[in-house]
Every structure is written in structure tokens, then in C-alpha cells.
Amino acid sequence: MILKDLYQKVRKTSVDICAPLQIEDYVIQSCLEVSPPKWHLAHTTWFYETLVLGRYQANFKEFNPEFNTYFNSYYKSFGKHWLRDQRGILSRPGVGQIMEYRNYVDQKVLEFLNQSPSQEALEILELGLHHEQQHQELLLMDIKNIFSVNNVTYSLNTQPASTQRTDGSWTFNEGVYEFGHNNDGFSYDNEGPYHKSYIHSFELEKSMITNGDFLKFIEDGGYQKELLWLSDGLTYIKENNINSPLYWEKGSEGWNEFTLYGKQPLDLNTPVSHISYYEAQAFALWAGKRLPTEYEWELAAKTLQEDTQAFLEGQTLTPTQSLKGSLWQWSSSSYDPYPGYSREAGPLGEYNGKFMCNQRVLKGGSFATSNWHYRNTYRNFFYPKDRWQFCGLRLAKDA
Amino acid sequence: MILKDLYQKVRKTSVDICAPLQIEDYVIQSCLEVSPPKWHLAHTTWFYETLVLGRYQANFKEFNPEFNTYFNSYYKSFGKHWLRDQRGILSRPGVGQIMEYRNYVDQKVLEFLNQSPSQEALEILELGLHHEQQHQELLLMDIKNIFSVNNVTYSLNTQPASTQRTDGSWTFNEGVYEFGHNNDGFSYDNEGPYHKSYIHSFELEKSMITNGDFLKFIEDGGYQKELLWLSDGLTYIKENNINSPLYWEKGSEGWNEFTLYGKQPLDLNTPVSHISYYEAQAFALWAGKRLPTEYEWELAAKTLQEDTQAFLEGQTLTPTQSLKGSLWQWSSSSYDPYPGYSREAGPLGEYNGKFMCNQRVLKGGSFATSNWHYRNTYRNFFYPKDRWQFCGLRLAKDA
Amino acid sequence: MILKDLYQKVRKTSVDICAPLQIEDYVIQSCLEVSPPKWHLAHTTWFYETLVLGRYQANFKEFNPEFNTYFNSYYKSFGKHWLRDQRGILSRPGVGQIMEYRNYVDQKVLEFLNQSPSQEALEILELGLHHEQQHQELLLMDIKNIFSVNNVTYSLNTQPASTQRTDGSWTFNEGVYEFGHNNDGFSYDNEGPYHKSYIHSFELEKSMITNGDFLKFIEDGGYQKELLWLSDGLTYIKENNINSPLYWEKGSEGWNEFTLYGKQPLDLNTPVSHISYYEAQAFALWAGKRLPTEYEWELAAKTLQEDTQAFLEGQTLTPTQSLKGSLWQWSSSSYDPYPGYSREAGPLGEYNGKFMCNQRVLKGGSFATSNWHYRNTYRNFFYPKDRWQFCGLRLAKDA
Amino acid sequence: MILKDLYQKVRKTSVDICAPLQIEDYVIQSCLEVSPPKWHLAHTTWFYETLVLGRYQANFKEFNPEFNTYFNSYYKSFGKHWLRDQRGILSRPGVGQIMEYRNYVDQKVLEFLNQSPSQEALEILELGLHHEQQHQELLLMDIKNIFSVNNVTYSLNTQPASTQRTDGSWTFNEGVYEFGHNNDGFSYDNEGPYHKSYIHSFELEKSMITNGDFLKFIEDGGYQKELLWLSDGLTYIKENNINSPLYWEKGSEGWNEFTLYGKQPLDLNTPVSHISYYEAQAFALWAGKRLPTEYEWELAAKTLQEDTQAFLEGQTLTPTQSLKGSLWQWSSSSYDPYPGYSREAGPLGEYNGKFMCNQRVLKGGSFATSNWHYRNTYRNFFYPKDRWQFCGLRLAKDA
């Protein structure tokens, strides 16, 4: 697809994702991690305006200079920014004005593309598209959280999927392998450099853990068995009274789960989602296994010819069994720099590098990830406590 | 005015106050004290539905039973309620649905009024009207706060007023006087019983303290003079970096104040507003005077034939010099029960009595108070730290 | 008693109160309200050194200039002071050095008294003695708290007292009465000026509420009956999981209470102690009565010839039934200035006036109060949430 | 050295470290990370009592069963334990009683050693010795913190050392190397299993960064250059007003540093210590280098015949230039399990494994580490924010 078409497609998808929202829904920050949907729509626009047009388009005039404060997420390179935990008190600019902002920037970007821009500018524009696709996933995560508080069903005329589980594991042999992105095509800086690492023999399960599996853990008192937990995890679940995955609720008739199709009886065959790293780790210990490292997962993904259909372009907003899509999978790896990585100076260096502390890598993609956005080398990252993202777990063990 | 007309007028005023809002503005809780405007519109409606129709109208059917959770403010008598600090994460019901709710209840109330309801029911309906007028004032306070964050001008086609100051004081002699409401007409339970109290001779200033007066306090280092402050007040201003009234901002050209007419250069003649009890007390000590007690203020108000024009029906949303309206005035009195007061059992007992701790009485009314809602015996109350209400100060001293 | 003897007696009592302590006990700040015992011993000494010797004795040389920072409690007039919540991290000066400090200052004070000091100096010295007696009470409160954490019995070779209850009430007629201290002898500034107030007819119970009475409240679900509580009180007990008086503990054999005689089975006849204002108020509402105002209590105390034996010089460290001693009694009155009160400039003005916000008056005295320190006009004050002081409750009602 | 002698030597060292303390110093918890010195003395004793005698000595009688609650640090396997942040409110058992406890357990251990105990028991006893040596280091860290608050000089009749810096780097070639402990002699479980890892070519500096180096970073505005910092680190230093290493203080005559020899003018040649991982990382980025991984550091230590004299048995309590001792060195590695590691069931599994989240590995040892306790494979770990340990930094770069 040519870049211009791709740009328009990506831009349209963000707006489409918000189709089920009322104006009031666009404004809500339902918890500290969530950003209001209208903020995502504006911030992704700000990215092109500031990092592409503002730097490469002569005589470019910003839509509104104040937006730089509101819609800069965290780039110290671009001056003061609105505090993340205060995004939910911004009623203005309103949704209509943000749509105008999007249209203004879109028009300017399309004009810019007609002017034979430099390769450097095009690369940053491409980064902007990937950036927007990340935010599409955040949009859907955040909308789910907002809708769970307000008990709203998100409906895109799709159906919950039926799922299938495959028993057994894949086995991999020890040795030196190469990892990371080889610079053939787009990648984020944190995926490189391409480098060798020594891998020990291991097995990776063919299926992700299901709601039914996780329910057994709960019914066996897993949340109360203190020896299963990381020390920080135990403190966290106690302080926050956590005793089931996010969005699970025990009713008089049994467990329910809030989904993008509304509140539903818990489907035992569906892969479990919305668990923290702490819960994933405790489950693995309880099951006598462990989480895979990010290298192990990547080796499997590069080796296996597995489906990649369970992405945003798919037919359902329910997790299904899939290696590469459907749900991000917690790895056991801390989110640290790869050998030889160095943070770029300036704003692009703020994109990934400054977050390399206290977080864990998740591999794969989810039903909210665009197919075009997926890479085997992708390193997603969240704090161990985070649960509102579309994540699940797949177990491994030493072979 | 007959009750039916009065009901319709009060109901219309709440909606009119919100006329300058966009949909997005209705949803915002800009700080913990603020409630989203749409919440006020719904809660005032819930009050009639639950305390009048639900108890006195046969076969009444609620508009939506879930609203009882969302829009019950704090009445333990009516079961669980949504937490106050979580009101800003409710996008639903939306503004449109709340307007339908208002229309539904209004129609049912008007039908009910045609059925010769009991005196008891009528009295609670009247309470509901006063309740809604309190919330009209809260609406305007909260909108001002939301608009200050978003830098929006609230315009009702009125003009800032020019103000006038009168020097000098009124003097009152010591003796036993009677205070509180004598049950001739409507009052809240906290205004009674009518009772005697011994008053010592005192003087009350004819004007409220102005922005110009307060600026002198600031310029004299008042916020840094630790001996002027109550111990709790000193802790509070230090922890919150408070060194001017709320909405004041020092720019390169001097002080500005955010008003309902937008950000304006500070008008030195305007009565100072948006100060906490702590600031009022420190100012009074700095000025060598003190705040009046609630009894002193009430005695003056009952004695003097002063203007009562500076109310919601007035021509401006700027404070002006006025004894009884324009700005609520901090008294030095703790909000405690009057002699002989006892808390009514049931929901009405929750209206005032349970708040009689840690708060201070404010007397008068403000430009956001309805004239019909004003009483000399009115006991408004806020925490000593609160500053977002339309409050100012008037000094007194021993005679 | 001549002042010199009195000085020596008061000074000795502070040290005597600490006799049961090990060195380690002197250092502990068991909760934010508590100060380490050695801090009390040093702070009371600092008071004479700074407010008497430092200001009235020529060529006086401080024991150690750094002590001014450590042992100034909160007097902004004397510069920076160590933060209250950090007193428990001071190991130095040690107990031995503080005893040397006491001896040094005592010797200097006694020399000073031999030099015919001015009346002003003598008055501040007298204030210092009262100040130290307040701290003797704090010492015992704080030691009790420290010992409760460490499960240590405080034994002064005394016995728990047996108690007696008297049914019935005293009745008082309405009218104008005079209150406060008339300046005949020592008083704190907050007890004056002597002034008139109008009192409505009331009854005051002859006995304080007992543990047995309070247990009935608990067993009737008093802590769960939300309508009984002040709004702030309900929040407070929920956030802190409070469901019995401080130091009560439900064991397998029934309720126990930690006392200065160690953990004991709850004595139902003993007056209940260590309850907050919130609990006192909820109990009163449950009992269909109310707390007395500070004026009502003072009128009773001035009128009645009641025992004053249950003070520090008594035979027991158990509360007994007594009007004026044994336990401080919560009044319903907010701690506000009396008519005509003005805060003195300088350090003495910091003694009482700056605390006149958010606190409640307690009247009487306790078994930890010196008899010489007691006055009918005494206005003790604590925050509504405070429970570690020796306080109880006596009910009143309108007559 | 035979085990019995070693036991006695280790036990004596803990007590010797406390020689400069007054009784009051033993009780203090000067910040949340610090434990009172007497707690360390008791906890190390509890370890032998509970994990050795209680499990392997027939008919063993505990010194005092309550001590299990007070002196269990965090072993969920042994039931409820006193909360870590409440250790500073324990005055009892006092220092004398804890010394009796030590003597009691020492006598029982020595008797036990005379009874030909099982190999398993001996291994846990050996673990206990290493455990106590860890706490000796904690003791000195915590005493330094307590003494800094109280401005006390810790003197063991030693002198500050003069230091020497060596310019240049060591270079290492890429390849597969083996890491971790090979089970020849004692190690903690987290040091194994012995395993291969692929290393990329790198250089490691011969000297640690000095105070003088770090001062240049400060003077260049390093703490204010937002782009140098990890996102979490920037938040942390802003919230805690951190702008120099812990114990540095800028006086009118220049920078001072609180040391175990008291407050001293900053010595520019001494290796910088008491910096967080965040500060280490920002410094490295500023210097155009990076921190070494734990593997890189271990490879250097195994390869080089460097001094190991700067340990607890040395002549000074000042950091000097040394690879393996003197100061723990922040690695860039997250504290995660080695390939093949599995947490042991039961209490020993709680020793290390449950802390493998959110922490970073430090390599080496310090002047507070016993020589016998040092291993190249040692994995010390602290949170990125921690600064009170004896840590410094040594830079690396890609070769």
C-alpha cells in the first residue's frame, strides 16, 4: 500500500474505533492509567504535527499552539506538558474541535506528502503511523475500562468467538541464536541492535492459559497462598484487595466477566486476560512451570508458521488461542536495553529508552493490534501491576 | 407565587445556568470538591423522585432504578451510593438522558401537585426546591472551577459590576437577644430552635474586605508571617503552596483573577473572594480585628435594612459590596448544633446534622443565591480549607 | 507552698513518672501523636531555659544551643524546630544527657529565684510549672501507648480501684451565668476573659458512661449504624477499622483492656475511656441524649461540691466515678475563642490561640492531672479523632 | 577455620560493630529502609534458632516464643511477623535481653555442633553465617543513617583512607562464557545454576567514578537535564527533591559529606557512594557510557587478579579504588532468575526468589563486607531508588 493510502487508513481506523462512543465517553479518565479517548485522538495528531510538519514542512502553522501543552504526552524535548493524571479534567478542546484538528493536520500531511519529502521525514511519518496504531490499542483498552465503569456494551457488529485449545508443547534446543530486528523494514529502536544470545533448551506450551485454568487456581486458594507470590506482588494484591483477574465478578449465579460485548458469564475456554505480571508469575509457580523469556518467545515465533489472524482486522473482539495475536503474553524478561542499544538524542530517544526500568516485556500482539503493526521482535512493556491491557499468559519450562 | 409555578421556575433556572456549557463540560470533576454539572442536574431530580414521589405518590415508577445509586449523594437511609470522589468517571447516563429524567420527574411532580397532596409531602417538596437552589449555587461554583482549568469564559450576557466601598462600622450593644428561625415560613432544621444568646458589644464593618486590601496583606508578607496563622492553617497553606486567593495568578503585568467573565486584571475595588477560613482568620489578625460570630452577623442582618439585591436575579456575576448578598461571609463560629437542636430520624436528619463537625458557618448569600432562598438565619457551612465557594470576609471587633 | 518548693516538687514528679521505664522505652514514638518520654523531659526543661532564663537572667548560658531545635515543640517565635513526626528518630541526646540538662537548668532556676526576679518572670515560671504538669499527663498517656505496643506493665505499686456508679442527674435552670476565669490566681489565656453566657435548662448525669454501657452500644451494632455517626466520624472509623475503644481487644474469653496495670479483663463498672469525640457523639445519639456544652459542665462544676480526689496524687491509675477528676470529659463545644479573647503577641500567644480550629473542648481532669493543676475553667482540647488521652464521657439532656 | 570457630568469630563481629552505640541508638528506625540495630542482633539469632535448632535439635526450647513474631523478617513459612515499618516502635525486648538471647542461642548452637549434626543442618548453619554477615553490612549502613540524623561520629579507631585512581579500561572479547556459581563451596541459590551466556565485546573502566567526577555532573546541571533520566527516576528525584548523593550537604564553605568519621569536607578523590540506580544511570548517559551488565562485571572479576583487601577486615571505613571490594557497584541488570533457577519450596525458597522483581543487581562487595563472605558470583540487589547502601558505580562501554 502506498504511504498516502496507509496514512488515511490508519487515521480512519482511530475514528472508527470510537464510533460506539457518546460525546460524554470521550472525556473520561476512569483510572490513572486510562486516558480519555479524545485525548488519544488529539495526541496522535499532535505527533504528526510536531515531529513531522513542525520540523520538516516550511512555514507550517500549528492548528492551535496551546495544544502542544495539552497533547504532548511526556516529551521533555517539547517543553512543559499537561500532567498525565489530570487528563480527565480537560473538557476542552471538545470532541468536535479535536475532529477539526485531525482534519487540519490530515490535510497538511497529505499536502506534505505531495512535496517529495526527505527520507528522514518519511521515516518519522511511518513511526507516527505505528505510534497511532499503538494508541488504537490503548483506545480500545481505555474504552473497555470506561465502559466497564459505566456498564456500556461496545458493539462493532461482531460476535464473541468460540475458542479451541491445543495441548502439548513445542521444544527448542539450546544454542546461540540471533534476536532483535535486523533493520529490514520498520522497527522501534528498542528492538535492536540485532544480536546473539545463548538459549537453554526449553518447551513452550501450544496454548495460552484459559479462564477455566485460572479458575482452578482461584479455587485452590492461589491468591491466599503467600509462598506463590513475589514479595512486591503479595503486597500489591493485599493493598488492592485483588483476588481475581480484572473485570471478573462473582455473582450469585457464578463468575461473570465484563467484555467488549458487555457483562457475560465467564467462558471457561477463552484465554484468561487482564492479569498482572504478579498474577501470571504466581499462576506459573502454582502450575509448576514458568513464564518464557522474551528470547524464548521470539525464537518460537520466528521458527513456527503460526496463524496471525487474531488481529484488529479479525472478526471478533474476544481472545482466542493464537501464538502471535489475540493477547499479549507476559514474558519473564525485565524491559532492559539490548546489548549495543543506545538512546538516541532528542525526542525520538524519549520514545522507548527512558522507560527501561521497573517494567516487563510482553510479546506478540492482541485482537486490538493491527496486522501491519505486528512484528516478532516487538517489545511491548508494562509495569508488573498493570492489568488493563489485553494480556494473557503462556507457560514454558526447562526442557 | 403558587407552588407549581415556583417549582417550574426553580427547575428551569438549573438548566439555564448550564446554558454556556458544551456536552463535555457537564462531565468534569475538576477537583475532589467539584461535582460534574450533569450530576447536579440529576441529583436534584433524584431528590424529588425519592423523597417526594417515592414516598407519597401511589404506584410511582422510578425512571431508572440504577439512578438511585448514582445520584444519591450521601443518604445512608437510601442504601449504597456512588463515591463522591468518583463522580467524574461517570459518562453515563449522558446529558440527554438526564434531561429526559428531569422531564419525566417534572411531569410526575406536576401531576402529583394536582392531586391535593398532604401537607407533609408539600413541605418536603418545598425543601426540595431549596435543595435545588443550593445546588444552583454549587453548579455555578463548580462550573467556575471547571472553566478555570479549561480557560473558558462563562457568559450570561451580563457585565462585571463596578463596586463601592463604605467606610465605618455599625455598633451593637451587649445583652440577651433571640436567634435562629422562629418557624414562620420555611427553614432548614439547623436554623432552630429559636433561642436566646448573650451578645457582647461589638462593631461590624460596613464593607467587606476588597482585593486591594488583601493585596496589601500579601505584599506585607502575610502568607509568610507564621504567627498570624492557625496551626492547622499554616500546615495547610505550606503543604498546598498557597500564597494568594484561589483564581489569582501573578502575571508579568501584575495580578490577574479568573472570573466568570474569564481571566481579568485584578480589580482592587472588588470584594475579595475565594479565600479559606484560614486566610480570612490570618487577614483579620493582621488587620488587628477579628471575624464576627454567626450571632453577631445575624443580629446585624435582622437589625439593618440593607439591600438584598446582589442575588442570582441580579445583573452581574461579580461580587459587590452588600451585607446580605454578593458573597457568603466567613463567621468565626464553628458549625455546631443550636441549643435544643436534635437530629430528626431518617433521611431528613441526614441533611444537616451529620455535618456538624470540623466546619465553619458562613452567613449571608452570594450573587449565586436566589433571593427567595435567602434568610437571615441561614447557616451555610464549609471546611476551613475550602475556597471554591463564593465567599469573602467582613471584619468585626469588640466595642 | 513556696514557689521554690513547688518547682522542685513538679520537677521531681516528671522524673518519678518515668521510673518504670528502661532506657529503650524513653526513645519510642509509638504513633504520630506520641512523643518519646525523653523528649517530654527535655522539652519541659527547654521551656524554663528559653522563656524564663533566656529572657530574664543576665548572662545566662544555654546548656547546649542545639537543644533549641530539638526541644522547641512548635514555637515559630523561636525559629526552626524539629518536626513532630520525627521525634522518634532522635537517639541523641540520650537519657543520661537529658538528665544532666534537667539538673543544669534546675540549678540555674533555683539560683534565679534567689535573685528576687520580676513579677513578670515569676508569672512565666508559674506558667512553666503548669506546662510541665500538662506534659506529665502527656507522659503517662504516651507511656501507656508505648507500653501497649510492647506489652509492658506500668507499676507504681498501686492497685486498680473499685468503682461506684450513681444514677440520676443534676438539673440546672436557664439564665445568664458568668463563665471563664476571673483572674484570681493562675489561668491560661484561653480561659478568659470572664464573660456572660445564656444557658438553657439542662440535666447532667451524675455518672460517666461505663465500659458496661459502652459494651451494650457495641453489641447493639452501634459502630455499624451509620445514621448515628457524624459524617467525618463515619469516614474515620471506616478508614481505620475502628469498632471498639482504643486498648480494647476481643479475646476468646471475652473483652480485655490494656491498662497501666497491663492487659486485664474488661471491668464493666469502670468508666469507659479512650474514645474519640466521634464515638462519644454516636453513643450519646444512640442513648437518646447528648454531650454537655463546655458551659454546662463548668456551671455544674462551679455549683456542686464534688470530690476532687481522683487526681495524680490519688491512690490509683484506674478511672473512677468523679465529676472533676479521673477522666477528661468530652464537651460538645468546639474549641473557639471566648468573647473578648485576643491572642497575645510573641511566644505566649502561640501557647493556645493558634490551636483554636478543628478541635473540641474537654473539661475536668484525670487521674494523671495534678490536683494543683486543676481548675473548673480549664479548657483542654483535642481533635475529634483523638483517643489516646485519658478521656471519657458524661451525658446531658435538655431539661 | 573450623565451623565452631567461624561461628564464634561471626557472632562476635556483629556485637563488635555495635560497640560505638549508646543504648538509645539501638532502637532507632531512622527511615523505612533502616532497621534498629538491636533488631539485627536479634533477627540473626532468630535465624539459627528457628532454621537450625528448631528443626534439627531434639527437644529444643525457644528462648521466648514471642520473639518469633518480632524477629521473623518476612518468612511467611513461619507465620505472622511484625511489620517492617513498625520495627522502630519496639522498645522491648531491650538490648540487655537481646544480648541474653544471643548468648542462649550461641550456647545451644555450640552444644549442637558437638553432637555431629547432619550435613543438611550444617549447610543451613553455614547459610546462617552468611546471613549474619549480610546483616553486619546492613548494621553498618543503618548505623550510618541513624548517626547522620543524630550527628554522631562512628569511630573504630581507624582513619579515612587516601585513594588512588587508575585511568583506562580493561577490554573483553565477545563469545559464550559460563556464569554463576559452580557449586564448589557455599553460594546462595540465586547464584545458580551455572550456565552459559553470550557476551558482546566490551570495555570496563579500571576505576570507579569519584566524588570529583560526580561533582562535575552536578555542576553541569545533571540533575536538571531531564533527557538524561529514566522516566521513573525523574519522577523520583523530583518528588523527593534529590539533587546530590545521600549524605552530601552544601555548606557555605563548599560541599560536605557525612561519613562514618562524621561530617567531612567532600574528598574529590574518593569513589562516589550512596547514589541510586537512577543517578548512576543518568551519570553514565551524561558521560557517554553505560553501566556494565552483571555478566560483564563477573567476567572481569573472574578474569582479573585484582585486590580484595578493601573489606570489613581492612583498615578503613572509607571507600577506596578496588574492583571487588570497597563499594558495591550497580550493574545494569534487572534482578531476574538465572536460566534453570527454581525457587525451593519452604522457607529457604523465600530467601531470594521472591524478591526477583523491580530490583537491580549490584556486584562486588564493600568495606562492610567480610572477605570470607565475598564471591565473584554474588548477586546483591536493591530497588533502583535505594541509596543508603554502600554502593558506587563503575562505567563500561561497547568495545
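Order of writing sets the chain letters: A, B, C and D. Residues in each chain are counted from 1.
Just so it is clear, contacts are C-beta pairs under 8 Å (C-beta built on N, C-alpha and C of every residue); 3 or more make two chains touch, one makes a residue touch a chain.
Predicted model, so just to flag it, every value in this text is computed and none were measured.
Asker: Go through the assembly and pull out the chains touching subunit A as well as subunit B.
Answerer: Looking at subunit B and subunit A together, no chain touches each of them.
Asker: Using mean Cα positions as chain centres, tell me which chain lies farthest from subunit B.
Answerer: The chain farthest from subunit B, judged by C-alpha centres, is D.
Asker: Taking each chain's centre as its mean C-alpha position, how far apart are subunit A and subunit D in Å?
Answerer: Computed from C-alpha means, the inter-chain centre distance equals 37 Å.
Asker: From the mean C-alpha coordinate of subunit A to that of subunit C, what's the distance rounded to whole Å?
Answerer: Here subunit A and subunit C have centroids separated by 58 Å.
Asker: How many angstrom between the C-alpha centroids of subunit D and subunit C?
Answerer: From the centre of subunit C to the centre of subunit D is 46 Å.
Asker: If I count partner chains per residue in subunit D, which residues reach a count of at least 2?
Answerer: Nothing qualifies.
Asker: All pairs of touching chains, please: list them by chain label.
Answerer: Every pair of chains meeting the touch criterion: A-B, A-D, B-C, C-D.
Asker: Can you check the complex and tell me which residues of subunit D touch subunit A?
Answerer: Against subunit A, subunit D makes touches at 74, 76-77, 176, 195-198, 200, 226-227, 229-234, 277-278, 281, 285, 290, 332-334, 336-337, 339-340, 342-343, 345-346, 349-350, 354-358, 384, 398.
Asker: List the residues on subunit B that touch subunit A in their complex, please.
Answerer: Contacts found on subunit B: 22-31, 38, 88-92, 94-95, 146, 149-152.
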